[in-house]
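We just call them A, B, C and D in the order they show up, numbering each chain from 1.
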Amino acid sequence: MVVVMAPEATAENIAAVVDSVHAAGGQAFVSRGVSRTIVGLVGDVGDFEALNLGSLAGVLQVMRVSVPFKLVSRENHPARSVVRVGGVPIGPDTMSMIAGPCAVETPEQTLEAALMAKAAGASLLRGGAFKPRTSPYSYQGLGEAGLRILADVRAETGLPVVTEVIDPGSVEMVASYADMLQVGARNMQNFALLQAVGSAGKPVLLKRGFSATIEEWLSAAEYIAQRGNLDIVLCERGIRTFETATRNTLDISAVPVAQRLSHLPVIVDPSHSGGRRDLVLPLTRAAIAVGADGLIIDVHPQPKVALCDGDQALMDTDLKGIADIVSLLSPLMGRTLTMPIADRAAVAV
Amino acid sequence: MVVVMAPEATAENIAAVVDSVHAAGGQAFVSRGVSRTIVGLVGDVGDFEALNLGSLAGVLQVMRVSVPFKLVSRENHPARSVVRVGGVPIGPDTMSMIAGPCAVETPEQTLEAALMAKAAGASLLRGGAFKPRTSPYSYQGLGEAGLRILADVRAETGLPVVTEVIDPGSVEMVASYADMLQVGARNMQNFALLQAVGSAGKPVLLKRGFSATIEEWLSAAEYIAQRGNLDIVLCERGIRTFETATRNTLDISAVPVAQRLSHLPVIVDPSHSGGRRDLVLPLTRAAIAVGADGLIIDVHPQPKVALCDGDQALMDTDLKGIADIVSLLSPLMGRTLTMPIADRAAVAV
Amino acid sequence: MVVVMAPEATAENIAAVVDSVHAAGGQAFVSRGVSRTIVGLVGDVGDFEALNLGSLAGVLQVMRVSVPFKLVSRENHPARSVVRVGGVPIGPDTMSMIAGPCAVETPEQTLEAALMAKAAGASLLRGGAFKPRTSPYSYQGLGEAGLRILADVRAETGLPVVTEVIDPGSVEMVASYADMLQVGARNMQNFALLQAVGSAGKPVLLKRGFSATIEEWLSAAEYIAQRGNLDIVLCERGIRTFETATRNTLDISAVPVAQRLSHLPVIVDPSHSGGRRDLVLPLTRAAIAVGADGLIIDVHPQPKVALCDGDQALMDTDLKGIADIVSLLSPLMGRTLTMPIADRAAVAV
Amino acid sequence: MVVVMAPEATAENIAAVVDSVHAAGGQAFVSRGVSRTIVGLVGDVGDFEALNLGSLAGVLQVMRVSVPFKLVSRENHPARSVVRVGGVPIGPDTMSMIAGPCAVETPEQTLEAALMAKAAGASLLRGGAFKPRTSPYSYQGLGEAGLRILADVRAETGLPVVTEVIDPGSVEMVASYADMLQVGARNMQNFALLQAVGSAGKPVLLKRGFSATIEEWLSAAEYIAQRGNLDIVLCERGIRTFETATRNTLDISAVPVAQRLSHLPVIVDPSHSGGRRDLVLPLTRAAIAVGADGLIIDVHPQPKVALCDGDQALMDTDLKGIADIVSLLSPLMGRTLTMPIADRAAVAV
C-alpha cells in the first residue's frame, strides 16, 4: 500500500501517517521525490485500511499496489527523472558517460584509465574495488584500499566515483568514499543489499540481472525506492540467451520499454553486453540511437594484463572513436553531452 | 571440400573439375562470386583427395572445410558484397528499406501500403502471399492470387517485390512473380527449401531462426550458396528469450558479428523483433546506428483490421518519423539512402 | 472452425458438410478419429456461419476455434489415444521402445544396430536416410538407398521402421518404405511438410522443435491432424537453453503437460536431449517414471566411427542397463513392455 | 591454489601452512573433509609458489586451480559425500525428503504442515521465515518470530529444520535456530552470503540460480567450501527458459551431471520447478528415478489461503501419492527411505 502526500503536506502531516502505520504494527518508508512525497507501507493491508489514512491531513491518495512496482513507475510520475551524481546529471536531456577500469588494480593504472576516460568524454569514473566473481579463485578486488585509490583519482581528475557494493554490511563504508553505489547484475535480487543501498543516502546504479525480466528489474528498483531513495539509474548490460558469439545479448529494446514503464534514467553498458572489444563501438552507437540516457564503458591502459574482463576493455586508440560518435549522435537525439565537472567550472568562469 | 578457381579459369577448367568430382561419385556445386568462382563438393573427402584436384588447370586452391560455412564467410571474401534486387542495391554503402504489409489481403490494401512505404523512403515492397502461421486456424494468405496483386502493385509503383516462399514445390512459381525470395524464420533450417531457393535464380532474404545461433544462420546461408546463389541478404529479426515484454529480443549485436564473419549484407526487422508499434522507431534508429545495411518494416493502412501482426504495423502517421530518421542517420553512417527505381530513373534523366 | 460429426453420422452426412464448405469457397479436412469424425474448416468464418452447418444431418456440434489446436486437444477427446505402427501400439498402457542408428550407413551396420536394439527390448527400428544437418558439409544420409536398407532389415528382424522425411516432395516415396514418418525438430514448423505427412496415410512421429513452446508443438500436430491423420506421436527431445553441459535441456515436465493438453501419446528421446552417452540411462529412467508412453534411443555397433551423433549412441555393453531398467520400471507405471512383432507372433503360437 | 594435506597431517602441520600463507600476504581457508583436510589459498599465486609449500611436513599435494571449483569437485574426492542434518543423512544410499510450508505463517499452520510432511515420509522440515520476494509488496515472512515457531514445531515433531537466510548480517541469528541454512536461487551468486554461511558451522542447502549454469552452481558451492564448510547439499529447482507452461523448466539432467562433477549430494525441488500442484507427483517420480539424493516439497494445510506459492503446495489428499511413490521407487534405486529421527529412535529401542 502506498500513501501519496499532497504537494503542500507538512513534515507533521507525514509524521502522522507514519505514526498511524507504526501503531497498527506496520512499517512505513518515506520517499521524497521531485514533486511529491510518498509513504510506502509494508504489513497487513486489512489493518491499514481500517486506519482510514485517506482522511488524514496532507494525504492526497491511498493506493493499493497491484503491480509489483509503484514508486518507480511512470504511471505515477509521468515526467522522466534526472539523477545527479556528484553534480553530474543523468536524465532525459543529457548524455552522460561513465568510464574507467573494470577493477582498480594500482593507483597508476586507475589514474591512467581515468584520464583516458575523461579524454573520451566521460564525466564520471567507474572502478571496482569489490569484485563479485563466479569463481573464488578469480581476482576479488582490493577492497577498501581500492576505494582510497578511487578517492585520490577523483581528487586529481574531478570525476565523481561510481563503484560496486556487494554486501549490506559494507554499504556504509563504501558510501563514505563513493558518489554513486553500483548494485551488480548478480545482486539485482539481493534484497537485503537493495534495502541497504536504499538507506545509504547516495544515488544507486542498478544493473539488470542477466536473466531478469524488465518487470523484475523495476521491482528491484522499487525495493530501493521504498527505503526513501529515488535517485536510481537503471543499467541494461545484456541478458543470458542461447547465443554464444557474444558474452551476453544486449537487449536494446529494454531501453525504450523501461523508459516507458518507469521515470528513472536508463543507461547501457556496451562493454559487458558483448564482452568483446570490437563490439563496444557499434553497441555504443546503437545505445545512443535507441535513446539511452548514458553509457558505462570499460577502459584500461593495458587490457592484455587486466585482472578482470580485459577482453572487452577499450584501449587508448579505441577511445577516439567513442568520443567522436558520442559527440556526433548525442545532439541528434536532443541531448547535451555532459562535461566533466572541473571543465564545466572552467567554462562557467 | 571447396575448390577455389583462379580468376583466369575458363569454363572448360571449371567443367573439368566438376567432371572429376562426378566421376568419383560426388556432387559439385558451382558458385560464381564477384571476384572468383568456387566449386563446393559434397561426398567422400578421401575419394576427393585421391583426385588431386589442385593439379588441374585453373585451380587456385583446394580447401578442406572445417567450419560449417565457407562460401559465405568473409575470411575467403574480405570485401563486403552488394546484392541487387530488381536493380536496387543492398550493401555496405547504401541504406535500403523494404516495407509493405505483413500479408497481402486485397489489391487496395496492398497498393495503399506500397504508396505509404514509398513515401517513407522504401525502395522495395514486401508482402506475404504464403503465411507460415503457428496455428492452422490463423490466416494463411492468398497464395498465387496474392502474388498477382504484388506484381500489379509493382507495375504501378515501380517497387521490386520481396515475398516469402514456404515450400520447395512452389519456389519456381513464386520466383516467377518475385524479385527476391524470402525464407522465413521458422524455415531457416528447412534445408530442402534452402536448396530450392539456391537454384531459383533470384536473390534470397534469409531471416534468422528465432532460436538459431549466428553460426547456424550462416550455415543455412551456405546451403543456398552451395547451389550457386551468392545473392543472399541476411535479416536479424529477434531471438527467443525469457523476456516477455517484447515478442522477441532484437539481437542488435548480431549485425556487426555477422558482418565480421560473412561478406553478405545484413538488414534488421524492427517490426517483428519487438512486435510492438511503439518500438519500431527506436529500434530502427538502433539498427541504422549499429551498422545495418537495410531495414524491413511492416506497414498497413489500417492496422486494427490487419489479418496478420497488426500490433506491430506502422500507420501513415508513424511513417514520417521513420522517413526523417532514415534520412538523418544514414549519411552519418556513410550510407546513401536508396531511392525507388522510378525516381532514380527520373533523376538520371 | 471445426464441425464434430455425431457417432452415427454417415459418409453422406460428412460429404454434405464438405460440399457446403466448398460451395462457400472454403476448405474442409475430414479427420476420422477413434470415436468420431471431425471436419476442420479453413476459410472465412463469417461465410461458414452463414451456412448454419449445425442444422445439417449428422452434425453434433460446430465449434469456433479459439485455441490454436483443437483436433489434438484432450478437451475434445478425453480418452488418451493409442497409435499403432506396423501393428505395434504406442499409448497409455504400453511402453514401446524405438531404437536404431542415428543414420543408416551400411546394410551391416544397420542390421547389427537393429539386432542390438531388439535385444534391448525395442519393438520398432529407427534409422535416418535423409539427415537434416546444420552444415551442408556434414553427412547428409544415403537417401532412397538407405530406405531400401531399412526395408531389408525390417524383413530380417520383424521390426517396423521409423524414418525421417525432410521434404514435402519426397513424402510419398519415403512413405512407401516406412511404417512411421518422422518430422524432425528443425522441421516442426515446416507447415508444408506437416500437411504432406498429414495426407500420407502413415503414422507420424513429431519431434518438438528445440525452441518450440508446448502450445506451438501441439499446433504443429494440429496441422497434421487437419489433413485427416490423427495417428500422431509426440516426441520430447530437449529444448535450447543457456546451459552448455548438455547438448539440449530435456524438458521432462513437457511429458505430463502435453499429455494433459492432448490425447496423443508422448515419448522421450534421451539420446538427443543430453547428447551424451552417460546420460542416456538416467534420462531413460526419468522418462519412464514421469509417465512417457515410449522411448527413442540411438544405438550404434561402433559409435566412434558413426557418421552422425556418435557421442550419444549406446553400444552393446550399455544396452543391458536399458533393457533391465525398462523391464523393471514399466510395470510399476502400469505399462506392459511392447515386444517385437515376430516374438509376439511366436508367443501367440 | 589449494594445498591438500596428507591423511596423517597434524594440526601443527596445518597451522604451519596457514602461517606461511599469511606471512606472504595471502588468505588461507581450512576445509576438513571426510577423508582429508584441504587448505584453500587466495592471493598472489606467484608469491605462493615462492613458498615451496609442497616441502612442508604433512603436505600431500599443491594444486594450481584451473577450473573454477576444486574442493567440491569429484575429481579430487571420488567418493560421494553424505551430509548429516540434525542427524538425518543426505547422500548416495538414502532418499531423504524435506517438506513443509513455503512460508511460516502461524504456529498452527506450521505444525499442521509438519505433521502432513511427516506422514508423507519427510524426515526434515522446511519453512521460510525470511522470504526473498520479487516485489516489496509481497509477503516478506515473519522473520525471527517465524524461526521461533519452527523451533517449537521441531520440538514437537522431532523434524530438524531447514530454513532460508537472505542476509550475511543475520546468518548467525538464523543459524542459532536452524539445523540447515538454505541459500535461495536468487542469492546463489550473493558471494558475501555464501562466505557467511560457509563460516556458520551448519550444513547448507544451495539452490541453483534460475539462470546459473552447472559450473556456476558448483563455483558458488566452492565459495562455501573455501570457508571450511563441506556440508553442502545442492538443489536443482528449475531454470528459466522460453517455455511458459511451467514456472521454470526442471533441468532433470543436471542431477547426474552435477553428481559426476561433484561429490556433494544433489536433491530436487519438484514444487518450485513446475509451479503447479499437478506436476509435483510426476516430477517427484522423475527425480527419484534419475538418481536424486533427496527431495524438497511444499505442503500447506490450505493452499488456497497460502501467503506464498499456494499454487504448487500439496494438500493432505495429495500426499498419499508422494508417500507411496517414494516408498516404491527408492529401494529400486538402491536407497533406503530416511525415517524421521524420533521414529528411528523408537525403532532402535
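Just so it is clear, a residue touches a chain if its C-beta (ideal position, glycine included) is under 8 Å from a C-beta of that chain, and two chains touch if they have at least 3 such contacts.
These numbers come from a predicted model, not from an experiment.
Visitor: Have a look at B-D versus C-D and report the one with more C-beta pairs in contact.
Guide: C-D
Visitor: Compare the contact pairs of A-B with each of B-C, C-D or A-C and report the one sharing over half of them by residue number.
Guide: Equivalent contacts to A-B are found in C-D.
Visitor: Need the CA-centroid distance for the pair chain A / chain D, whole Å please.
Guide: A distance of 33 Å separates the two centres.
Visitor: Averaging only over C-alpha atoms, locate the centres of chain C and chain D and give their separation in whole Å.
Guide: 40
Visitor: Could you put a whole-Å number on the gap between the CA centroids of chain B and chain D?
Guide: Centre separation, chain B to chain D: 51 Å.
Visitor: At which residue positions does chain A touch at least two other chains?
Guide: Residues 211, 240-242, 244.
Visitor: Where on chain C does chain B make contact in their complex?
Guide: Where chain C meets chain B, its residues are 1, 40, 42, 65, 68-70, 132-138, 140, 166-169, 186-187, 189-193, 210-211, 216, 219, 222-223, 226, 240.
Visitor: Using the touch rule from the top, collect the residues of chain A that touch chain C in their complex.
Guide: Touching chain C: residues 211, 240-242, 244 of chain A.
Visitor: Quick one: in the complex, what on chain D touches chain C?
Guide: Per the touch definition, chain D meets chain C at residues 211, 213-215, 239, 241-246, 249-257, 260, 273-274, 278-279, 282-283, 285-291, 328-329, 332.
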